[in-house]
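First chain A sits with chain B, and in the next complex the same chain sits with chain C.
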Partner chain A sequence: MGLGSIASRALRSNTLRPGHTNLLRRSIVTTTELRNAEAAQAQPETPPPDLPPRTPVAGARVHFPNPEDAIEVFVDGYPVKIPKGMTVLQACEIAGVDIPRFCYHSRLSIAGNCRMCLVEVEKSPKPVASCAMPALPGMKIKTDTPLAKKAREGVMEFLLMNHPLDCPICDQGGECDLQDQSMAFGSDRGRFTETKRSVVDKNLGPLVKTVMTRCIQCTRCVRFATEIAGVQDLGMLGRGSGEEIGTYVEKLMTSELSGNVIDICPVGALTSKPFAFKARNWELKGTESIDVTDAVGSNIRIDSRGPEVMRVVPRLNEDINEEWISDKTRFFYDGLKRQRLNDPMIRGPDGRFKAVSWRDALAVVAEVIHQVKADEIVGVAGKLSDAESMMALKDFLNKMGSNNVLCEGNGPNPNADLRSGYIMNTSISGLENADVFLLVGTQPRVEAAMVNARIRKTVRATQAKVGYVGPATDLNYDHEHLGTGPQTLSEIAKGSHPFSSTLMNAKNPCIIVGAGIFERDDKDAIFSVVEAIAERAKAVRPDWNGMNVLLLNAAQAAALDLGLVPESDKGIESSKFIYLMGADDVNLEKIPEDAFVVYQGHHGDRSVYRANVILPASAFSEKEGTYVNTEGCAQTTVPAVPTVGDARDDWKIVRALSEVAGVILPYDSLSAIRSRMKTVAPNLVNVDEREPATFSYSLKPESQQKISTTPFKAAVENFYMTDPITRASKVMAQCSALLSKK
Partner chain B sequence: MAGVVRNALKSIREKGLRNFFGELKEEGYLKCLLDGNLLQTKMQNIGATLVGIDKFGNKYYEKFGDTQYGRHRWVEYASKDRYNASQVPPEWHGWLHFITDHTGDELLLLKPSRYGVEHRENLSGEGDEYIYHSKGHSLNPGQRDWTRYQPWKPTKA
Partner chain C sequence: MLARLASQRLREIRQVIRQIPQTTRSLSTALNYHLDSPDNNPNNPWEFTEANKTKVKEILSHYPSNYKQSAVIPLLDLAQQQHGGWLPVSAMNEVAKIIEVAPIRVYEVATFYSMFNRTKVGKYHLLVCGTTPCMIRGSREIEEALLKHLGVKRNEVTKDGLFSVGEMECMGCCVNAPMITVADYSNGSEGYTYNYYEDLTPEKAVEIVEAFRRGEKPPRGTQNPKRINSGPEGGNTTLLGEPKPPPCRDLDAC
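Coming up: the complex of A and B.
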């Protein structure tokens, strides 16, 4: 007896219990129940199979608006409860069955033209397209039958007929839906012997690269452009095999959300132009971080390879950016590699910068700061500053005796006392419940593209009315341009304006004030007028808060939370020592000639040319920092790439400087500075959770200001270039040259 | 042996004693006193036929008769002090190692002119400046810059 047979005997005796042995033996079993018809009928219906509960696909959740609307369907014999009106595909997702699809996208309208999602439904003669078929009570859906598989294989064969075999040079390779699904439903050989269809590539601008031969006409991009981006640029031309996606006439895609078509394209027809042939997606390291180019704080994933940021893609966050990001967020990353400050520098007596060591640079700054009077010291935090560094800067300057710390964009006299006065109280996702919008001096399309997408979504879904006060602009939804200046607001407040009745009759009115108003002298007066409107329209109630401020920059909310408020409005003009922490939009003309300027930042942008000492800091992709977005949600960035050159984290520089200056700050780790932040503003350490404001504007003292008649100005002149990083970016420069409307 | 002495005397007569010694030095006869290998080569050369001289000045000899077959071809390197086998160019390598009976000069006629870099001897151990360093090596004078960012340059005075 050989060793093998001993082993097999031992195995058999282990695996087979006595009762199962006859199952394995091929034996003829007589179907007694078929012979005995009455006995078969007497048998009850086959009980529901005892299947283990499956987890829904991608965390799909069921929400029953009305409990009696729940219906039950069976997916592969497994019963699921779903609300009425759901499609078969959604029912399958809740049952934990992932149906292959190309054209279906949960945030777009249903097209039903790719036919990949075919499933078998009992009593239906043909396989049905599950994405377009509403689920009916008691429907028995079969997703893995030979019929469904054969149908999908047929669809796949037709799709691959005209699809080029260029996966090795395709940028979508590795993250391509067609590639993945052809592994399951594709044939290993083709039967197609004719020549493949070829389509001329379209020029959609500097961001989206097209290889239209790869297109499978799922029309996701067309639906995205018309429904979410709100531009009628893309469309379908031709019929049958001549069908192609394109701009009807040769033109560029002018949307601030155009980059998202790259993500929703299931094949490599639309890919990122700046990323083209730069890397393959499996080489990249993903870091889940936060966008800082606007105040929305979109959730992003920074894909890096070694020390380089290769691309930025969105991350799902239903409360903030859903699954979209703006073009600025997606494509500004090449600015992180240009114009970087990498060495501490001191301007010599000849006016030239010389690279020096950190020790020397800090010693010079500490020496000078002790030579000036305490009230002549001013600190300015920049647009991209994180809360940690602003905390350190404020603590340091306070210890030096100065209380002139401000954050650019917040204006000379910001209101930091009432949190409800500078955040979006409705919350971004809450905008979907509003039925009338009043935009005051804000152009959300350029100031916060994701908020604008939310408003557009609401307008599209519920026909909400939008009134807009400000300079003429192009919002991509129906709106009423009420006026350009504050006097229109007074008319609405008085009730003499036709729009005020719309506002009064609204159930959930929503007023959004732009942060550009912070820079105006009559800011308090405007706010009190807006509050009067809110009062009349009952916009602030226990169940609804429709009084919002839309901020412009990532640092603004955290700066106000931390109380970065200047002591006097003329701080900069009368200063002798100015500490610019990444502040590049400060009016350099206002800085006195004899002032000593320290610039701490990551890009050689504008202020470095006025600086006396340059301290290189790390950009948001290289450090851990807390940012509060416009709705008051604190989020943290995570370092994705190493810092460049000799740069250091912002707060560490300030901490080191405090030691050299002899006023040591009492924290030397990130957790220590965060606990310091917690004592000042507890919401800053409550990461990823929106902290609503407690008190409303009603506590505010009456303003004595008079409204001026100066019309509102546009807060953002160029959507693509707003901060040091985007101004350094070549792609953003191309975009603003080609796409921004003049 | 007598012939050698006769030849030597003849050249002294023709060139003068000074030139003769100069030539002796150039030919490496002084080095022979310390370098046994060279001395042996020099002694072997007596009566051997000079088959060819390559472009580096290495001399290739052949002698049948009293030499053992397989040791009947040899080279006298042009360099008398630092010589090594990598100084033999490829065209002579085959002849020297009995791979072919064609001499290097014959083989050079077959060499296409469009390719082939100049033969270089192996300089390992001769010092860092002679050795090949990769593009990232710090000793490579044209070391590649792997910096992935472009620093800001203070241009304005």
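Coming up: the complex of A and C.
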């Protein structure tokens, strides 16, 4: 809740109700008048006709599942229509009244234990906790009366009794609900003169810092851990004034979503450990961008101060990440400051790198590329490449006569023809409609934590069944481990497996295939078995498409959209010139001894050891780039901080190189390259809109491959370290040392 | 000049602070978190005894099979009786396993209720009522006498492991205030008793302790020989006749 909105509300009520201006001062009200229902009723009830329409708080929307269920309530005299079953607090939100609250959170269960949301309801003898009270037809809710105001002041006084009031040294200061709400709704003094209590701080691991004395016992963190993160570690211990949040036994919070408790804690009890005492939040510049550490494309805000990324926080996007992000997304940013490449470099005869000018570096590359045969040129785009740079790389190498451009993680022989064959057709939010999941060779918890959170949400809400085929893993919801290899799939397809009947009876079956399978030799065979299962279970219908692929990297979907498909799968082994564009997970052993390797990227990671020339590029936080997430939604990053040193945007480097090499690419602005992209894959420029795939696998030719019996492998070994940036991050290193389950 | 002013101000502030009596918080239960010790850590094996296992089954049968967690309090109580009056972490873990919830859910319950002891207590755990009626009738003196007699602090166990003294809030016996409760764990969960000793004086309380030490079981209830249960001293003084039936209804007719 912003202070601004509260202030403007206060102002508005000030100007609109001249008769009630005394409410804004701290007035002493006689209780007889308050309690007296007749007196309240005697007041004229008609709302002043000149009231401007109020806008719902934070764009709250009402959705009526069936119109007969609409009821009308009155909030401060305004009639509002709401669906049955909404709470009083939600009704007030729709009426444009922001009710102060601490424990209520729209995505968590209702606890009703902070009492900050008290409002007056006509004919009710006491103020009611609006978050826990269902709205009833014709209810007359009053949020601005002296009684409501006094109730809030009282609650606030109690909350502040044991609160240390250490805002000057608190990292939450400036974005603290308690601070804002005590300014807006609290009294200006308290009457408590005893000593305050203090609580021992808990060690929750390398990510969440605790100052438990500040806790106001709202239990949001406990509910988050139990309901969303699925790790039952946190609890409310003790009672009365001895009550505290903790784990009782010494235990770290081993969840991939633990960072979100920092956001939901309304006070400074749980704050970010890596960000502790680094900056005050009002010094930060927020840039709305997206995350590239996995294929989900979570919406984030990059908070920076000067040239430094200070922290990453989530942005609301109901379709992708709701309002959560994974710990990797939230805390990997310190990797952006380490091991950066800032100058073009050439490896001298002595094996050491020498910093050179861009002109020299590009000249060397251009010279070498002209000396090799066209089919010995290979380009590899890395996990974090944006669509623009992949387009430029593909165009450039095509102009050089080579068609060997591939993207890491897509395997030697990807299927780029049918878009439905590599995106999540159900869409991430659509997963909530599924009632049976079949996970094939994918561990969503480490591959795409936000998709996993969706599955968990669905499983919790609707008791959806989950079957899992793959190596033993720790999914944080009930699931049935069906098997480890492709034979299980064949059994399900044939109907001889008990799970196939579950699948058959499902209304909306959802099959999710992990992108780790792309690397297998029998990939096509596995896909045809999975398609057979989908066929049997009627998973692909006009009204439901339950056939999904869960990608691993941010670049994968765009690469396939752009057709980054290698001509031959032996490309790398027989190459003489390799252009690695941020590709650090290629098998370096496969690169021939005499090949010339150009590494263009932002981190001195694995491939740098093999590179002959290094071209420094900017990271995702420093450039504008288009990424397509696993459900096929194109989104763009926005530069938040300046690039380091002499680094340049990836596509600009390729464009400059093309000029030096004499095969000029015809675009030299972002809009020009985007219109080029549009000709190849129009969905890439439809930013923020999910483009569903039109044709399903039915167009695919029969596969003649034989299925092998090798069990599926885990695609992600270490959740915290998957790409050059996370591998450079100290925090991620700590996490993988302390939290990864071995 | 400034320095003098400052130091004077400081002295004033100190004085003000000194005047505020230092309130010491005494919480009746121990810490709200667990510290590993040799006799209390999650690696110690812990199991219900065979006899208690049947009791566990009995208890679980009171609840629907999908609401096993409802049995948490009776099971913790049983575990506490079996373990000499206190609950080590491993016992709580065992209970969590039986009712199929995360251990933290059991810890939450065990820390909430002050009758679950999470640190060692004596074989006879003496709980002095500290709520207003008993306090007015002298519970503080009783506690003092007990502590002095046993030579321990509150929530500390005597060297021989026999006694410990704790505090409790009102146990509903105010009419016979002051009172103490003795939780007797000396005979495991079979011989477990939880008795009230009422109308005490400091001397009486010490006598009772001594009786326990000798292995006797002093009679529970009021220690004032002139009273019967909670009746007034020396017999009834009011309500001497038969109570009148309610005026509006003919009880015999129904």
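Simple rule for what comes next: the second predicted complex is superposed on the first by the 692 of 742 C-alpha atoms of A that agree within 3 Å, B and C clash if a C-alpha of one lies under 4 Å from a C-alpha of the other, contacts with A are read in each partner's own complex, and residues count from 1 in each chain.
The rule is simple: a contact is a pair of C-beta atoms (placed from the backbone, for glycine too) under 8 Å apart; a residue touches a chain by one contact, two chains touch by 3 or more.
Given the structure is predicted, the values throughout are model-derived calculations rather than measurements.
Look at chain A after the overlay: chain B and chain C fit there side by side. By the touch criterion defined above, A:G645 lies against chain B but remains apart from chain C after alignment on the C-alpha atoms of chain A. Look at A:I664: by the touch rule set out above, it reaches neither chain B nor chain C.
In the superposition on chain A, A:L699 makes contact with neither chain B nor chain C. In the superposition on chain A, A:G242 makes contact with chain C only, not with chain B. In the superposed model, A:K337 lies in contact with chain B only, and not with chain C. In the superposed model, A:R352 makes contact with chain B only, not with chain C. Contacts of A:P307 after superposition on the shared chain: chain B is touched, whereas chain C is not. Residue contacts after overlaying the shared chain place A:A672 against neither chain B nor chain C. Taken over all C-alpha pairs, chain B and chain C come no nearer than 19 Å in the superposed arrangement.
When both complexes are aligned on chain A by C-alpha atoms, no chain A residue touches chain B in the first and chain C in the second. Those residues of chain C whose C-beta lies close enough to touch chain A in the complex are 20, 22-23, 25, 27, 29, 32-34, 36, 42, 89, 101-105, 107-108, 111-112. Chain A meets chain C in the complex at residues 193-195, 197, 200, 202, 232-239, 242-244, 246-250.
Chain B contributes residues 148-154, 156-157 to its touches with chain A in the complex. Residues 306-308, 336-343, 345, 350-353, 603-604, 608-609, 644-645 of chain A are the ones that touch chain B when the two sit in their complex.
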